[in-house]
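Each of the next two complexes has chain A plus one more chain, namely chain B in the first and chain C in the second.
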Partner chain A sequence: MSLTNAGAIANQSLGTIAAQINVVSRNIAGVNVSGYATKTALVSTTSNGGTQINGVARATNAALFQNSLQASATQAAASALSSGFDQIDQALGLSSGTATNTSTNRSPAALLSALQSALQSYSASPSDTTVAQTVLSSAKAVAQALNTASTTVQQLRAQADGEIATSVANINSILTQFQQVNTEVVAGTQAGRDVTSALDQRDALLKSLSSEIGVTTVTRANNDMVIYADGGATLFETSPRSVTFQASASYTASTTGNAVYVDGVPVTGASASMPLQSGKLQGLTQLRDVVAPQYQSQLDETARGLIASFAETDQSGLGGSVPGLFTYSGATSVPGASVIPGLAGDIIVNPNADPSQGGNLDRLRDGGISDPTNSAYVYNTTGAAGFTDRINQLVASFSTAQSFDSSAGLGSSQSLMDYATSSLGWFEAQRQQATDTESYQSTLLSQTTDALSNSSGVNLDEQMSKMLDLENSYQASAKLISAIDAMYTALFQAL
Partner chain B sequence: MTASALFNTSVMGMSAQTTALSAVAENISNSSTVGYKEATTQFQTLLTSFQGGSDADGGVSASNVVEVTKSGNMTSTTSSTDLAIQGDGFFVVSDTGGNTFLTRAGSFLPDSTGRLVNSAGYYLMGYSSSVASAPTDPSGLEAVTIPYGKEIGTASTEGSLTANLPSTADTINAADLPSANASTSTYSKKTSVTAYDNLGNPVTLDVYFSKTSSNSWEMSVFDASTATNGGFPYSSGAITTQSLTFSATDGSITGGASASIAVPNGSTLSLDLSGLTQLGSTFSVSNPTINGNAASPVSSVSIAKDGTLSYVLGNGKSVSAYKIPLGTVASPTNLQAQSGNTFAVTKESGAAYLGDANSGTMGAIGSDQLEGSTVDLATQLSNMIVAQRSFSANSQVFQVASELMQVLNNLK
Partner chain C sequence: MVSITSTQSLTNALRRSVLDVQTQLSKAQSEVSTGRIADLGLGLGAAIQQDYSYGFRADDLTALTASNTIVSTRLTATDTALSSLASTAQNFLQTLVSAQSGAGSDQGAIQGYAQTGLKSLISALDTSVDGVHIFGGVNTGVAPLADYFSTPSSTSKQAVDQAFFGAFGTTQGGAGAASITDQQMQTFLSGSFADLFSSSGWSSDWSNATDETATNRISLSQTSETSVSANESALRQLAQAYTMVADLGVGSLSDPAYQQILKTASTTMSDAISGLTTLRAKVGVMQKGVSDANDALSAQRDMITTQIGSLENVDPFEASTRLNNLTTQLETSYTLTGKIQQLTLSKYI
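Our next item is the complex of A and B:
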């Protein structure tokens, strides 16, 4: 214990307090920065009884951070799926009106129902051409609605495909940045430098990565981080692994989208051995490969059911059934009960019944739409103006059970009307579920983010009180130095 | 005692106090010198004769002694090559002529050739960490040289992989196993790890795990750079294929717990697989570690408590390079102080011997620290006042003796 030592301790104290106030100042600057974790200066006692700064520590909560990564990945997947449903919904006006109001509700089910009631009116006055015209335009609206729905679904798939490509490019660029920051963290940790800012940066990158693709992380010696996709494929280990995806230029109902590969492993699609569990990428592939194709199959089956319901049979009993009012290009016979990819996009109203295309409206009543030259398919052989058998047959066919392909997910036997309604119901249920999941995950994400921010974010009150403490200590140390100086002065005066 | 002897005694007194003052002056001027040890003055009586209990002509002699074993206060610095010893022991340094000395002044900085030299021009001595047995005396040491900017790469030789393989995975047909390396090859799970070849090039190894039957797996390792569009077939076959068997009772590995992998253009990597488990959970890799490092320039050094000096490379890896031993002698107080805060070994002190820092009697080496001077200014100032007063008193005695002589001379 000596005066020199006392002076040295007071001097060290000034330096230590200056370093601490520097940390407080960083914290105050970071108070509104998202992802900023509170820093604390590590102070210890030196061998002469003074103090020294050993480094800067960063408040972290690994479990909460891991939760927030997971929440953001799950939320991103739900959000991608939900926005896809919303898009179809808006394009078809599915939920914008009641089921009967066909001016806003353009769903196949609503339009089929409108066609059915038009036919019922026609049955009451089979000689009225105005009513026949209404039947024709209702039939056209149904065909058009199926065409639009099919196009929209395929556009959505193409759009999801494009977004997958963007997401993959984004993941690759984040991983490249991650490598730089990770190298800095490892080098800094080894050299004993303050790496807390780099750690903040690395966490922010992980956060943005997790919204693209679900991840799990492992921290090795010297803060070196390894990232795995949530299915187990390696994303980053010392160097970034390549994430590859071949975008498809255009989509039809029979197109199968390409899989995303992480480190050579397919992580999406039917053949994925280590499939992704969450993240925007998973939501988009779910939309492109599962949900949209299934809805397309239902539309195709609705179209096929419609063609079958309006099919004309050979009245002489010799030939088979052929497509009647509803047909598609290249049609020769009525297709059997299995999904024909893209049929909903191809379905048209037969021009033989359309006066604007050289057809005859009376054929709606009389039959023979399939081939006007073949009298075998004419139901009204006498040409009577009051003939309603064929119209009544058509009205009944809407509610007669027929076979559907069960792979579309709506059972194998029900009436056309019921099928169209269940398809709409299926879609609305899926959409509702996606919206609910998304809002639940969003709430969870914001709660997790709050919890993380509460545990590692900056508490301004705490920092202010720390600042006052440091200010007092600094004043006391300065006072000590002046006291030591006074003591030396006394000694010099004694000489 | 004769009157004339008074002159002698008082002159000796003045001379002794001058010696004390010189120690004070030296101490004050070195009060900020790193590694300086305070000099203290020791006074002793000096008698010309001794006769039967009666006091004879007496005097005093003084000598300055350096308090070698006292340690100064540690001060923090920001240079990793500033070293201080907490505890006993000295750094072994050498001058340009190759003579070795001991010192506690550790403010080393690299010179133009990378040798660590302190402010007094002495080179820090150590030995390469690759030597088989540590030298025991200073003659076996070399100057520590840090090759800043030199590229260093280390081949991977050992590592470990801890992971869980899902017990529920589907069995892969023998013909489709990755070891067949066919375009139809398939696998249960895959991971990849980075190893380094002899030249420090990173080599990515694709590690495939395929379930062959219940509780039996096959692990195949491929060089990722030979893959076809990231998958099978690889242009060169599997580097290693190993059968793994797991316990049916607790899922731990029972066979094939260690694999040796010949890294392409590199060493044989011994991979510890004892952490593998096969449980009814998902595939997860929890701790892949492989040693070695990519070629990268030396950017800084870190020195551990036990004196291990490691190069820190640009990519963050650290490579152990030197060991800095501490030296000491049987009687440190008998060391001879030299310029530049060094001490030379003398016959009285005994020969210098070496030991590892932070073990036995040797202190720990602290990096980013310096040992300050042991001098306390206040003590020196008070010592100075005492010496000054003492000198004045002796001069008074001299004056009285001179007056006595004058009285004697006037007796004639």
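Our next item is the complex of A and C:
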């Protein structure tokens, strides 16, 4: 009977519309949720000519989603590196000030230059103790700057190590949550339930995972997902694989940080068989294991060059050179051209030239700083107040080429002043590159996020207009029911 | 379904644009106010090495200019001292010459002249600038010459007395002095007396100065001598000429012996004067060297300042235009944010 059928259809329609309204309101609720994908109710015709809800579809764009995972991993790596550079730069004041007034710059290079200027003034007034005092305090400033720089670099490494530990803990916790959601998705898909919300959750977890560690994913039957780290190590397959890392409590120049293991396989460090390519973890290990140690080597070489430049030679021609104004504890001879880890942290101004530590300022001019009891290292044997040979020699040593360890990455032969300046240049070049990469990757990330959001996110106006349509349909269906009801009433009254 | 801009990306885009513009704005502000790149390290990258190399070179040049000023002051004082020595010596030589011709040959007066001359020589050579004895060679901490006429007797006076007594068996002005012949006097003056003013005699009895003189780096590549020592032969000859007239007891000598002294003193003095002229020329060359070096330093510094400027400076017009544009952009962003927030279907239903 067609009137009854019409009533049934209208009735079904109310249910369908209610379900659609449900979807619309879910969409509106998700309008400001990052990563929420627009849901659409799948409506089909039934055998009696009515409509029914077959399920809920979720707007997705697999390619864009993969892009956004990759972009967030690369951005996180670049950001970790660039903030490390910024931290050193600010702590040491490397790019503060201007070259026209180098006294505002606190880099080892600038302080070396100040020491050279002080020595030049001293050469004109070798009998003036005030000028000698300036030389001494400039020398102390250089030694302190190197000490501070070395400490800062090692603190940064320790800090990166701590962040790696946090990141690893975070990865493990995300993977555990991922397991729950993934199980729900697989079970729901098998049972034919609406798993769209669970899928949203799973994507959000992937997104946070990818900023910690670069990932690639494979989706298997029943929406089951497998996650690999971008180096190839398996992070998740049915169950999470353990990511382990042993943090180091303190760092010195000779400390090597521990590697991160995924499922027992090292993924960072020199022995990594499946090295990470991106993600915060990769940025942090790069900072801890490559960049910071290299800068430390340069500082150590600068310190060593300084010790060599100020070394005193045996004036009788018998013995070798010994550290003079700049030395380190336990020094017996001038170290040769190879990196001594941590020397920048150990370099000190020899107390024998420091009146506040029982030394004598005149030794700056006369020599014999290395060992006041050994006259073989005294240049000015008569103690003449106008003796300038030694001072002139020291001034010249700043611009005389000497050997450096090329493993520090700044060449093997240049003057002390040039070496220190090259190190500054090297650092700022790296920092600039890291910042540029970071800024490029950030832009890329926000563009990818926008593209993904545009393809799968919610447009409020669209949902509102849908709502209006649904409202009208609901009213029409309700009207239909009451019309059919009226018709039946008319029929029954007529009988 | 056709892809529609999602509401979230729309608002995010606006927020990001505001943040982005604000970052650029603070950078532009700093560039406009300082005229330089906001963060030199980020702006220059590897070029900061070049930038600071120039800066450090400029520092070195400044230090050199300052030390050259000190050197110049000392050289000027040296020249003044030598020039006063030369004029005193010239006058004394004239007195000696006229005394030899017999006119105004008062022995006491000549001896007095000589004593004054010797004193002024000693005080000139003891000149100190800021506590630095400029004629001391490298031994600038002590006065090169002691007062000849001091009590107790200076080592130089003792040496002269000893030599005189050794040659003649009597003291200056002593009883036997009148019997010294001109021949004996000539032998003494060119023998044991002259030895007192030889390089070694002078260093042991007279002078605390060293032969080695101060050397200073006066330009980036040039290190040169910047003082003259009290041990220069011209200065020793001056002392020799003054001393022979001042302290050999000319008043009690026979006339031939006295004449012999005058003759030898004139020869020595004229040698000394020509030596002094050479010495003053040497100082002049040093002064010229320093002043040339200063000119070069200042030219180099100007050039370096230009180089630093070309690396660090931003075009002030470009920077302020950029600042204006950014301000406008920020205002537009604010307006747009307000407008777009208003633009929602829910307001119309």
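Annotations for the structure displayed:
Please note the rule applied: the second predicted complex is superposed on the first by the 483 of 495 C-alpha atoms of A that agree within 3 Å, B and C clash if a C-alpha of one lies under 4 Å from a C-alpha of the other, contacts with A are read in each partner's own complex, and residues count from 1 in each chain.
The rule is short, and it goes like this: contacts are C-beta pairs under 8 Å (C-beta built on N, C-alpha and C of every residue); 3 or more make two chains touch, one makes a residue touch a chain.
Because the structure is a prediction, the values reported are computed rather than measured.
Placing chain B and chain C on a common chain A by superposition gives a fit, with no clash between them.
Applying the stated contact rule after C-alpha superposition, one finds that A:S333 touches neither chain B nor chain C. Of the two partner chains placed by the overlay, only chain C lies in contact with A:A114; chain B stays clear of it.
A simple residue count on chain A separates chain B from chain C, and the partner touching more is C.
Contacts of A:S34 after superposition on the shared chain: chain C is touched, whereas chain B is not.
In the superposed pair of complexes, A:V226 makes contact with chain B only, with no contact to chain C.
When the two structures are aligned on the shared chain, A:N454 is found in touch with chain C, with no touch to chain B. Shared-chain residue A:M464: touches chain C; no touch with chain B.
Of the two partner chains placed by superposition, A:Q180 touches none, neither chain B nor chain C. With both structures placed on the common chain, the touch criterion links A:G264 to chain B but leaves chain C unconnected. With the two structures brought together on chain A, the opening angle seen from the C-alpha centre of chain A toward chain B and chain C is 170°, to the nearest 10. Taking all C-alpha atoms of chain B against all those of chain C in the superposed arrangement, the shortest distance found is 27 Å. On the chain A side of its complex with chain C, the touching residues are 31-32, 34, 38, 40, 59, 89, 94-95, 97-100, 102, 105, 107, 109-110, 113-114, 116-118, 120-121, 123-128, 382, 384-389, 392, 395-396, 417-418, 421-422, 424-429, 431-433, 435, 446, 449-450, 453-462, 464-465, 468. On the chain C side of its complex with chain A, the touching residues are 1, 3-9, 12-13, 16, 36, 39-56, 58-60, 62-64, 66-68, 70-71, 130-132, 136-142, 210, 214-217, 223, 227, 305, 308-309, 311-312, 344-346, 349. Those residues of chain B lying in contact with chain A across their complex are 31, 73-76, 80, 86, 186-194, 202, 204, 206, 224, 227, 230-231, 282-289, 299-300, 302, 312-318, 372, 375-379, 381-382, 384-385, 388. Remark: chain A residues 2-5, 8, 12, 15, 46-48, 50, 52-53, 183-192, 216, 218, 220-222, 224, 226, 228, 231-234, 237-239, 241-242, 244, 261, 263-265, 273-274, 487-488, 491-492, 494-495 touch chain B in the complex.
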